[in-house]
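Two complexes follow with chain A in common, the first pairing it with chain B and the second with chain C.
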Partner chain A sequence: MNENLFTPFSTPTILNQPATIPIILFPAMLVLTSKHPINNRLATIQQNLTQLILKQMMMTHNAKGQTWSLMLMSLITFIAMTNLLGLLPYSFTPTTQLSMNLAMAIPLWTGTVMVGFRFKTKNSLAHLLPQGTPTPLIPMLVVIETVSLLIQPVALAVRLTANITAGHLLMHLIGNAALALSTTNFSLTLLTSTLLALLTVLEIAVALIQAYVFTLLVSLYLHNNT
Partner chain B sequence: MPQLDTSTWFTTIMTMLPTLYLITQLKLLNTNHYQPPPTKNSNLQSHGIRWQPKWTKTCLPLSQPQQS
Partner chain C sequence: MLSRVVLSAAATAAPSLKNAAFLGPGSFFNHTGLGVPLKTTKRIRASICTIITCRVLQATRTFRTGQPHLAPIPPLPEYGGKVRYGLIPEEFFQFLYPKTGVTGPYVLGTGLILYALSKEIYVITAETFTAMTLIGIMVYGIKKYGPSVAAYADKINEQKLAQLEEAKQSSIQQMQNAIDMEKSQQALTQKRHYLFDVQRNNIAMALEVTYRERLYRVYKEVKSRLDYHIAVQNMTRRKEQEHMINWVEKHVVQSISAEQEKETVAKCIADLKLLAKKAQAPLVM
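Let's turn to the complex of A and B:
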């Protein structure tokens, strides 16, 4: 039972070759680039969405933070497309792999910390101590703030992995249960409606991408500005 | 849990790095965002031209009574 449940999350192989390579590369192919001033509907929708997201995300940053806009835009595009494509049945979602999320989170978080240390050393170090703490508590609070800083990349990676994995697992379970109960027609309607509702709620996987990028943004913003 | 099987970690990470940092960024860079064409401001004409009375005679000959 355990083996059956987790097999969608093992990296797929075709004839013993890793199939993860084309699977990870595929969502990037769906971003349309065209040189025409007036495009077809799909390209226009994509362009408008990109511009909307770019403006929303980069408004709060100063000039120095806005140099990160290409990185953050490609991050949110990549994660959004990957998660949405993973909602299709029998598909493999690369963001369920802890390896990939760790490899995304750790370098990006380290980059923001490095930017803060290099350009505003005193300010970024001052973040380790909130204002107005009584003097005897200072050593303990510095330790606590350092730990909460160091746990940020791990939290980013594990949050994404766990949320997507849990959602996929739930859909598998409910689908299997609905199938098993289809012989008795009574519970089938209840379970399939639950599954459908869960699917639409799971399209708040897109909201999870927002969460990912926004938490990254928050740390970048704090390190840059204040 | 198959996600903790580290034998595939290298492949996954190595594929993700060029996808994220190279391909997606190049694709986003190659989308041209054209500005909408600027509309020509046609309000200046009505502000600049004032009707001169000598034009009324020339432009509206039928409004003048026939002097014959």
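Let's turn to the complex of A and C:
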């Protein structure tokens, strides 16, 4: 099925029709919404988790920053579900595509920058110069800070893409190695245990979502409050 | 049902639209203020949301051809159906039981797997090892942490139920307390006559005391008046007596002349000598 290493990352097709959009929309079906106050265990745990993450993330913001809660919560849920579903065999992970991650990162980053410049222009411009720099260095430092600001969306997107892709690729490679060595059958157990360890580490792909949203969150925080 | 879902979606979209009010291009106009404060624009947006939702629901009415439930639908089951090995429902095993007994589904499963493998319908690739490892980790994780997570979820549900129950019980308790207090008040009104009797007695005693006090005062007043009259009478009599005595003495003294005085004094002396002799005589004896 996977004749080379690129096939897991190519556009998924169902009967030669691109199936990307249904695959991207699929994790939404797994997030339960319920109007009952008391649900079954799965819904309760999901609700509880969402509440926990929401409280954790949105406590540090003022009222203005908290208007972004829905956006950020759906972001973290989407990325987490997508990444976790991508761990399953024979599945396609949309977040391995740079196009999608850029499409997520650039609008959100631009939104935070614009909010900051719109409502707190002086503060946002003041962030382009760190405190306590000696006067001759100021022009250079402003340029450097601007560049570091402009590179934020690219960094966000590329970080997510690279991490997920690398993880998937590594799993494929180690699987291939295990397959090839299974005929000789002596280091199979060693490799399977390595694969196992890598998988557990890869399930900290969910931590990457945390990193993603936190980075975004930090930038929003800075822009809005200080 | 669909309308509820769409309305709830619109309701959740309304705050997000409110959020988007900052991100959307309209936010610039809203903030620069065409004379309209931001809160009213938010409200206008929310109301516009619901209006649009209602319009959409009306317009798409022809597409919703299923019968809406006019009666209360039965509640959802509390626990899902029983499942063996996490994947295959129990009903499948029950379905095959009459024909193939207990081992039927297992033989079927094994046969299918071996068929797929031998005919290379399922090819063993690198993904197979990934799948095996992943399934191993998942089974291990579920077996180890499943019960505790389920207990945690149950605890959360229990807490919610307990809160609601607590609210209900406290309101029932309040009503009960109010009823009991009302009953006790009613019982108290039955015993009010004791209070009235005591008050009546008190008043009667006070009246009696006042009456006697006044009586005594009257008596004392009358007596003092009478005493005054008696005292006046006594005083006049005494004065008369003294006056008479004084008058008599004065006249007697006036009437006694000097000679008579000498004679009487000598006679008194002679009498006294006689008396003295008489007194000495019995003594000697």
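In this section, the second predicted complex is superposed on the first by the 223 of 226 C-alpha atoms of A that agree within 3 Å, B and C clash if a C-alpha of one lies under 4 Å from a C-alpha of the other, contacts with A are read in each partner's own complex, and residues count from 1 in each chain.
Assume a residue touches a chain if its C-beta (ideal position, glycine included) is under 8 Å from a C-beta of that chain, and two chains touch if they have at least 3 such contacts.
Just so you know, these numbers come straight off a predicted model, no measurement behind them.
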Partner chain(s) touched by A:Y90 [first = chain B, second = chain C, both, neither] | second
Of the partners chain B and chain C, which touch A:K35 in the superposed model: first, second, both, neither?
-> both
Which holds for A:L49: it touches chain B only (first), chain C only (second), both, or neither?
-> neither
Would you check which partner chain A:I24 touches, where first means chain B only, second means chain C only, and both and neither mean what they say?
-> first
Have a look at where A:L70 lands relative to chain B and chain C in the superposition and call it first, second, both or neither.
-> both
Across the two complexes, what residues of chain A are contacted by chain B and by chain C?
-> 35, 37, 70-71
Residues of chain B defined as touching chain A within the complex = 1-6, 8-9, 11-13, 15-17, 19-21, 23-25, 27-34
Chain A residues touching chain B - in the complex, by the definition given at the top = 6-7, 9-11, 18, 20-21, 24-25, 28, 31-35, 37, 46-47, 50-51, 70-71, 73-75, 77-78, 94, 96-100, 103-104, 161, 165
Tell me, which parts of chain A touch chain C in their complex?
-> 1-2, 35-42, 44-45, 48, 64, 67-68, 70-71, 87-90, 111, 114-115, 118-119, 171-176, 178-179, 192, 195-196, 199-200, 203
Over in the complex, which chain C residues touch chain A? Could you list them?
-> 4, 8, 12, 15-16, 18-19, 22-23, 27-28, 31, 76, 78-80, 123-134, 136-137, 149-150, 152-154, 156-157, 160-161, 164
